[in-house]
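Here chain A shows up in two complexes: once beside chain B, once beside chain C.
Right, the complex of A and B next:
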């Protein structure tokens, strides 16, 4: 039974990692840029939901969709103001751009909201329940289910819509896509918007049980980078799979040794994958 | 015909990469319904003429107009809706998308999307193998099949001019014959074709006119027969 509990807990956490990783992989796949500030958009969404709850009494379940819409436009704006300037630049310049954005957003959050941990102790999803001998925490289950639904929506958007097809075309060959009449600049903006909206949903759902600090987003994004690498850079399904694997490995590793070591297992797994399949499980060579 | 405005008119085009000038005052035109070839050795600037026409590389000087409209300032993605399709060198299909998805992307621009299903029926009638292979990933096709899909993808935009960069590159003689037949077939349906090729005899066998390029300048232009009989062409390119 204990193994079942660890597995289920791991999968629930893994669904959040999967959602964060899919957004990262989307941007990398479409434009070969690693968004180091990905977690910071999540952190912004957490604070947004926290403040709506404490100031206006709006439940995070309601404010999460609002956060997603807002973060879509923030993502598009970041693309237009910052990323567009480094599109043709060297990789080092691109790394500095998104890593600089991470520092800027974290420092701004420290400045505005201090480093105190904020929590939402009571929300619609609070409570525990027991099912088939397993224990479930309401907020975590809802967050996992919400992440799964968002991941499915993201997959549908990329594989079943015209805009998704354009996104895939730009990802494969931006020049050829332009000759098809696709405005790659617009597509890049949409990729940033969708990626930030997806991670905002993750942040909103997490705000019901996870302590909110300026570093909260980074805590989720760092393992998500490993998930992307494990799944294969640029592969959306790979990122999803990688997220689930990371969730289970981190939970099981932490449970059977000590929670202090849980990240150790994640990065050990990463090293294994890098040696065995450097292009990731579902990535292309 | 000669009095009418040509479909594509390039005047005194210059292209510079860094401190290296690739094109020096190139002028050419393609009239409606014509098949025209750009001849010349590797590095003569044939591809650059096409890439500068579709704004994939910046034009340093000169003027390019299509159907009488000056193309200055019009971005690459705005050209296909105006009837100008460009098949890049080495086909450049979307390799992990299916043949059908590649074709749909060819008709992606709003103007073409309105009658995309009819276009699909049309290109699949011109190239029936597209139907059998519709669910195959484009990257897994043979070189010749990829070239045909690339041409079909260009046709999905219902262009009045189809530019094909090196359509015969790396293909077997049998497949080359097939592509030649396809070019003639789409031309009979009223689509003008401009293509690049190094083999003079092969290119002129289907072209109404040709331009011979050398080191970024047009050396010679004329009808297929004139070019084949020209002394320079006979000596340098045909070895006669």
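Right, the complex of A and C next:
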């Protein structure tokens, strides 16, 4: 039974990782940029939900969609102001652009709101229940379910809508897409907006049970990078699969040794996978 | 003689290099306040690490975000040898170098097969993984770290043997030597056939390989050389602050600082990292000093104070981390406006 509990817990956490990783992979697939600041957008959404809750008493479930819409525009703005100018630059310059953004956002949160952990102890989804001998935590289950729904919506958006097809076309060959009349600049902006909105939903859902600090986003994004890499950079379904694997590995590793070491297993998994397959499980060159 | 003085080493005339070197050597005799000496000591230390990083990152084009690992190896080896085994720095330096060589080979052999972001992430994750191990390992003081027992030296030779000085002056000249050593090693590699192989790998790895360059071995040698100098810097750092802990030696921020210094000045150039270090380090040190002198206000007192209290709260540094905030901003601005670094900018003006 204990194994079942660890597996289920891991999968629930994995769904959040999957959502974070899909957003990362979307940006990478479309424009070959690794957004190191991805987790910081999540952290912003968490603070947003926290402040709406403590100042206006609005439940995180209600503020999550608002956070997503806001983060969409923040993502588009970041693309316009910072990313567009480094698209043609070297990989190092691109890494520094998003890494600088990470440090800037994290330190700003630290500066504005201190490093104290903030929590939302009571929300609509609080409570625990038992099902088939397994214990479930209300907020975690809702967060997992919300992440799964968002992931499905993201998948539908990319594969079934016209904008999504344009995204894929640009990812495949930006030059050819331009010749077909697709405005790649607009598509890149949308990719950033959608990616940030998705991770904001993850952040909003997490704020119902996860302690909010300036580092909260990074804690979720770092393993998500591993999920993206083992799934293969740019592969959306690979990122989803990678997220679930990471969730289970991290939970099981932390459970059977010590929570201090849970990230160690994730990093080890990354190294094992890329040494075996240098371009990830579902990745292409 | 005059012709020799006018000879340029990467664009800088020998006369100018000599003048700058002498200015650096004389500086602590003029600036006697410990803080101003400290700023330049740290600048030279980070400059040396930037130059070391540049061997692998600039010449060979292998962007490592994990160089704090070798810094940490040097710092921990020195602290552990001194505190637990009672070994003097002169004995612990070879041990640190040996450990760092082994670490570099173990890291390099598997990761150099990876390209692009896969390599960058591997370098980050290996360092972060070891960070986790060290911060949970009681033998190395876990998250608290190792603190040196303070030693009251009898005379200069004794102090040198223990690597602990009361005054900042000896540290200053040791850091000066470190920077000089790093520059000489970089220049020697840059001008050797080995250095040209590295540049060939950076420009077009597959072509270099097909022309007979042993890519794997060259990258490995570059990493070992780069790691060795970084480890020396780590040992110096431990002996200087007499305290090592995981987050100030083996963290992503340190890794980033090392390679950002090289990139800000101009990646792959001899003088770039020195320039970068003398821009970045003073700015962060000054910000840190400015903030640590102020007592942060208690947030609970702010509620009744109104906007004026809030403004004062933020003017006093708010929740902290202003140095990192400025740092992130600088990194973004450089990446956005001047990816070739300051030297690239100056060259364009030429």
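Here is the rule we use: the second predicted complex is superposed on the first by the 284 of 285 C-alpha atoms of A that agree within 3 Å, B and C clash if a C-alpha of one lies under 4 Å from a C-alpha of the other, contacts with A are read in each partner's own complex, and residues count from 1 in each chain.
Throughout what follows, contacts are C-beta pairs under 8 Å (C-beta built on N, C-alpha and C of every residue); 3 or more make two chains touch, one makes a residue touch a chain.
None of these values were measured; they are calculated from a predicted model.
When the two complexes are superposed, the chain touching more residues of chain A, out of chain B and chain C, is C. In the superposition on chain A, contact of A:177 is made with chain B only, not with chain C.
Contacts of A:168 after superposition: chain B is touched, whereas chain C is not reached. In the superposed model, A:130 makes contact with neither chain B nor chain C.
Annotation: chain A has no residue touching chain B in one complex and chain C in the other. Within the complex formed with chain A, the chain C residues making contact are 63, 65, 110, 113-118, 120-122, 125-126, 128-129, 132-133, 135-136, 253, 256, 260, 263, 267, 299, 314, 317-322, 324-325, 327-337, 339.
Those residues of chain A lying in contact with chain C across their complex are 28, 34, 82, 85-86, 89-97, 99-108, 110-115, 214, 222, 225-226, 229, 233, 258, 260-261, 263-264, 267-268, 270-271, 274-275, 278-280. The part of chain B that touches chain A in the complex is made up of residues 54, 56, 75-81, 85-86, 88, 92-97, 101, 104-106, 108-110, 112, 153, 157. Across the complex, chain B is touched by residues 162, 165-166, 168-169, 172-173, 175-184, 284 of chain A.
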